[in-house]
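Chain IDs A, B, C and D follow the sequence of writing; residue 1 opens each chain.
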């Protein structure tokens, strides 16, 4: 079973990485770029077969380690 | 004979002063001079050799060197390199030259995932380049490293090795190329390479930090790299 | 009456952290009820953090004058003359609470903040130091916090491009729920080109430069209030994210601007952002300011005046420029791709007036805000002091296997090699680092004298033994100063001046307040005696969790000067055959020692006191020897005592052994080997220099005892002729170097 | 218009960060974790209204800047 986790910064949190990329895109001549936000995309290969169990487990992993919920949100998808 | 170095200055470069200090002050009695070249410029002016210094250009936010590779001045740098001019990229400069396609491969996060600043040894190998000519191949020298993304990767490293494009390799104090002597997980302990023509060199260690005894880096091995360029330029070998 | 936002009353004021009497004082001062924005502004200005209300009357007693002092406390950082038209600018600051919440960003923004304080005064930062305190290495959060904090300190300074040259890391149970992250920054300036935070010159425009303002770090207590029903929690992140790249641009742009004749005053926006910046600049100059907030570069839509005034977004500066010259400034900022805007002007009203789209949101007298509050909080000697006062060693057996005990000590988290930490910091960038972390107890940076090109050196020492302060708040604080002084002397630097960062528990508890007052008394007395005035500093109170306070930790940062960089000395032994000697007293004491704590779990007794009459002679002798360049190595004997110090000198350079022979034992063996005390140095020198060393020591009236010589691959120690220890250097190295692999 | 870009390491490329997270998850007691790979998740806000045009543009951005195709793959999604 495979889980995909999308970790993104909470909306008010500064994203220097995204800002820098946005600025550079502008300089490269891409005009209509209004904003860039950069997060993490984590793929986890699990032994579990039950999607519900997998989701539960991965959610716990996110809370405990993968995301810092003080400043990040995450979304879990089970394939 | 006077030789003039250009030191490229990106926003976020922070070893720019260090590099200029060597070519403009420490080596002044050898006829060396230098100036900064601002990233927004589109021409280099009269320079004989280029240093792309270390630092965190544009914050190195996406990948080290990715954004600097697109700076306005890079077109002129690429033209200078293509015409055979000597170019060295140190640390972030190495990353930039890879991202700009002047050097092959890519530099990724250190295997330890930590920034690492310490003295290492590396062995001089491969073909003679303007930056390593005066050092006999097989000799090893001490220099510091200071980087977070120095783990060298190449999709076809055998070819690179076959073409003798590996110029610096991490080794131990005795010159042995061992896994323990590899500070960042680089494939084949690679610390520095050159392009196919040999005039563009990139390395992660900081020769400009190993040029003055007072700085406690335990040696002045880095001077040889800069002296090598001066010799090369004096012999009129390039361009 | 200004009508905006929720109705202000005592209850809302209390949610903002203002006590009933403080709210009353505000209403009296204004002669009316404050508006919502005004309440926000006042609540941060009158917070402990900004107003120093509990600490001010005590801080006032610290010595801050001296012929070398150009600028003492009161500005963003202290300024000290180093001759040749040059000055060093330095300060230390805490970022404890943010780092506990989000260790990486908290530590990173701590470094960012202190660097801004320094370059705001016209100095280019040339060195960083960091003092870290974590809980027990076995505590479940320690490893996570350690990784995050060290990476955060490192990444910010590395990217910003300033070498981190010294610092310390200590683990202790009392920090389990409240770590300390104190960052120090030192910059170099021209002594006649110092910039200050003054909003002077009526009509001069006020410029905002740097990162756009977001809703970062706005006071938590106010989040629930009605006006922001739609503003979810998420929009007001408690954590501030640092952008070292932005700060690097800001640095270069500010220094470039300072070369021009444009700038009247400048201050960084740190805690309480735009609020404290505008208030302090107006109050210092005795002027007023009027702000037009619609011009502030904003990161998010729909920001209110309240939010704009209170935001703690990082990497921002406020400056006053000469009217008519603003374009010059704006051009420089454009060159560096920085946002900049005129957001107000200087007035003569003595008031801070905040407008947005012409409407008034706040109209406050600057002095009312800046003078803030002042409390003389009750103090009482805490009871625990009686329990820890007397040390009984009856239950402590003298070590039978000295080698084993030494290996145990070298592996102690507070003694062991810290390269896991400082290798994550670039300690060489800017081609100035002469003594780096791990080479001595102080860091040394080379400074070129502009005219002649001659090089001198600036040395930095930072740290504090909080166990000493816990056991004896007054004496322990004197010792912290003496220890920083010794660290500087050991590298050959003459101490010049001091900064501090006073980390304590809840000042509303009389016991804590007593510790605080005693500590300041100790620091003040020691700095007066040693003529190292306090030129800047920072106070961090309320360092507790669940009512458990940290050990009192008055971190001391001291700066010294080497007239000639070649007189620098490092700790490591240099060559076989060099003689080894102790300058000062041979034995220390066991009270409050690392040995008793680590090997026996005892934290009791009094540390050996600092004795100015006796110890200043030792310092003088050391300075004379280093000036004469006759020492091959020098290190002050501190935590872990004589044997740990000798081991570190063996391992510090080329990994050389030593043969040591100590005199006949009079007291305990452990006291001789691991006892601690101020002003003791371990030095080595050549045979040729031996006579000069002896002459200088006796000339200063100081004890000098040769105890052996460098050489071999073992450390051998005999006491009274009897061999008590014989360990291969490799074994010492393994013990010393391995610990962080385990705890990280 | 919003574009989402998933940047992942090519399959042969070592991912020390993913490995470290995998190890830590193991230490935290999560048993069936067979592998973790960490990539980037980039959200780009565009002014363009035409999804095809947007996709074209973002693909160019990826080739030019956002991904290093020596070692990374990317996938573009337009919302």
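The rule is simple: a residue touches a chain if its C-beta (ideal position, glycine included) is under 8 Å from a C-beta of that chain, and two chains touch if they have at least 3 such contacts.
Since we're looking at a predicted model, the values are computed, not measured.
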{"item": "More contacts between chains, A-C or B-D", "value": "A-C"}
{"item": "Distance between chain centroids, defined by C-alpha means - chain B, chain D (Å)", "value": "30"}
{"item": "Averaged-CA centre spacing for the pair chain C and chain A, given as whole angstrom", "value": "36"}
{"item": "Averaged-CA centre spacing for the pair chain D and chain C, given as whole angstrom", "value": "40"}
{"item": "Chain A and chain D, separation of their C-alpha mean positions in angstrom", "value": "9"}
{"item": "Overlap residues in chain C, where contacts from two or more other chains coincide", "value": "243, 245-246, 337"}
{"item": "Multi-partner residues of chain D (each touching 2 or more other chains)", "value": "64-66"}
{"item": "Junction residues of chain B - those touching two or more other chains", "value": "58-59, 61-62, 67, 70"}
{"item": "Interchain contacts (touch definition) - all pairs", "value": "A-B, A-C, A-D, B-C, B-D"}
{"item": "Complex contacts: residues of chain B adjacent to chain D", "value": "62-63, 66-67, 70, 99, 105-106, 108-113, 151, 153-155, 185"}
{"item": "For the chain A and chain D complex, residues of the former touching the latter", "value": "6-8, 18, 21, 24-25, 28, 30-48, 57, 60-61, 64-66"}
{"item": "Residues on chain A engaged by chain B in the complex (per definition of touch)", "value": "16-17, 20-21, 24, 27-28, 38"}
{"item": "For the chain C and chain B complex, residues of the former touching the latter", "value": "151, 154-155, 158-161, 243-246, 248-249, 252, 336-337, 419, 422-436, 439, 446, 455, 565-566, 570"}
{"item": "Complex contact set, residues of chain A against chain C", "value": "10-16, 19-20, 23, 68, 70-71, 73"}
